[in-house]
């Protein structure tokens, strides 16, 4: 009756559940080694960390209670920030419509598409702060540079998404509109736009939110908005004012998010 | 119903189409279609029926040959037209598609109005400022096709048969000189297919325009056409009344050696 | 099926077609009005000098001219090391953020943490982290740690916590309940449920988010140096302040190249692993 093997052998390694494979272990090791290496490069010692934490605590101490005496400066900056966000989104979205159309494979010949896609790629790759700096050098300090910088960022983001959306539409619907003798513009109006308008509005509202965030900091490089006031407060060690500004910025962004989400729900996008 | 303003006639001469060089799908087609009446083009898959129909309104560009369209006293070679002239002449050719090709997110009414886009500037089209007669005609057509209460429904809320009716109505909104249909019944059930083909035939008669239909179902073609054109291997092998279509002809068209090459 | 004959004397009331219902039209008017008001208000009061706007194309052409020819020798001298430092900042910063993002993600997910107060607290922390720009975080950390890539790394880390934590929380909330319930029924502890139940399901989404954030962080790290937080931004700031436009040009090209490279890497990893 000895069908059952009474001696117990340990389960072979390969069959142990949830064990990490060789590759996974190697990757983890590599990540740890890399982290140690980089931390050494950055000269991060325990001493430095502890000083830092100490400093951080002092910092927080200086930030609280927040300085409420300079509300007019604050208000000026916030107003400019909102202006930059609104104008940049409006102009950028308006530009993204034609640029996106020109960057769609099914709308234009190959070389036009490549050129448009190239433009969009360049717009996307440059950080808005960098474009803000370039525009400051080109058109001077002030909100104009900020607006132009964010227009570029908008075209890069919305333009790409819009072009991708157009490339995904059904060609059959367009074919039928063409067969009636409609002009290119009419084909776009009745064949293309109904299919992509919903998504386009979605992209535009998302970009409004993103531009709102970005407009709070282009001022650091002189392109207008609350960022300028923030930067000078730092330079003057007025940390309690920094706290006020940060709190306001966070509040605006949160409110902005809520408003944008509500609008999207209301318009069903 | 008032007949179409300009009834047209079609004269295809030596039409050739090669999708790949040296491999012609249409091998020198000669065809003359005028008057009223529904002409069915039958033949096995791949024999160029759809290509032939699409060459007429240049959704496909022919490789060689002429496509003469007589309309409004003018004689145009569709094969040679480009740009604006091509768009102008497309206004006179109505087309019905196998998969209806309605703009799904637009309403039935807007889909009908699409048929008049060839006559409207982009600015007016964006604001939907179509002339009053267009709206009138649209409502009348909706009544004719039995979808009077569907004007505000979105196109994607309709059944297949309903969508095809809207497709036909859209084509008729153009007040076309000829009406083309590329396998209008292939996506529909048998009963609806009969209704659609009858609708096409009636509307052609009432407006006094020729209707050219591409069709798979031979019985359907036989029972509802005024003329049958049988194609195989890129050639026309039968051209005559349905009554004259014998089994021998069908053998040539569907069972013969030619289409297997 | 011919059209119905009109009875004599019947008033043929022209049927009106309206594209939008009354409610829809009101809503559209309201939204359009709001947009127009916002734009006009902003345009009227924003301090833009029209001459500068008109001047802009000329100025930009001038700037581009000054960037030519590109100073390639600057690359091995300064730019390369700075780029490497930037990449380190971005990578380590992303990794570091995971230490906070994972627990916060677990705390904000309604199905893992039942305590509503904790959910809310975690959400507030995540929102705060997201709403403050990495540039502003960099300012903060430069004031705390002093200038250098350390500040930049912490800035990246603190900014990324909000992003990764929020998306991780959403992924956890969308995980199907089945396997979790099975584990609960078998008597598994909470940590076991998380490790064996939730983690395998959110893994693909998690790594996808981390990869995306790394890509964004490479871009962000490039500019932190402008406020002294290390990386290529420092070189850019120096070159700009010294009006060395040809050096600026090579820096911009290098940054562009790195961003494109990072995107390629991300696409490849996505294809193969996710």
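Letters are used for the chains, namely A, B and C, taken in the order the chains are written, and counting of residues starts over at 1 for each.
Please note the rule applied: contacts are C-beta pairs under 8 Å (C-beta built on N, C-alpha and C of every residue); 3 or more make two chains touch, one makes a residue touch a chain.
If you're wondering where the values come from, they're calculated on a predicted model, not measured in any experiment.
Engineer: Steps needed, at minimum, to get from chain A to chain C via touching chains?
Structural biologist: 1
Engineer: Where the centre means the average of the CA atoms, what chain is farthest from chain A?
Structural biologist: B
Engineer: Per the definition at the top, count C-beta pairs in contact and tell me whether A-B or B-C has more.
Structural biologist: Higher contact count goes to A-B.
Engineer: Go ahead and note the Å separation of the Cα centroids belonging to chain A and chain C.
Structural biologist: Here chain A and chain C have centroids separated by 3 Å.
Engineer: Can you check how far apart chain A and chain B are, centre to centre, with Cα atoms defining each centre and the answer in Å?
Structural biologist: Inter-chain centre distance comes to 49 Å.
Engineer: Take the average of all CA coordinates in chain B, do the same for chain C, and state the distance between these two points in whole angstrom.
Structural biologist: 51
Engineer: Hey, what residues on chain B touch two or more of the other chains?
Structural biologist: Chain B, residues with two or more chain partners: 110.
Engineer: Quick one: in the complex, what on chain C touches chain A?
Structural biologist: 27, 31, 35, 38-39, 41-43, 45-49, 52-53, 55-56, 59-60, 62-63, 85, 88, 91-92, 95, 127-128, 130-133, 135-136, 139-140, 143-145, 148-150, 153, 196, 219-220, 222-223, 226-227, 236, 240, 252, 255-256, 259-260
Engineer: Which residues of chain B touch chain A in the complex?
Structural biologist: Listed in rising order, the residues are 57, 59, 87-95, 97, 99, 101-106, 110, 114-118, 120, 122, 125-126, 167, 170-171, 174.
Engineer: Across the complex, what residues on chain A touch chain C?
Structural biologist: 18, 31, 34-35, 38-39, 41-44, 48, 52, 55-56, 59, 79-80, 82-84, 86-87, 90, 121-122, 125-127, 129-130, 133-134, 137-140, 142-144, 147-148, 213-214, 216-217, 220-221, 224, 227, 230-231, 234, 239, 246, 249-250, 253-254, 263, 266-267
Engineer: Quick one: in the complex, what on chain B touches chain C?
Structural biologist: On the chain B side, the touching residues are 1, 109-110, 128, 132, 135-136, 138-140, 143-144, 146, 151, 199, 202, 206.
Engineer: In the complex of these two chains, what residues of chain C are touching chain B?
Structural biologist: On the chain C side, the touching residues are 1-4, 14-17, 19.
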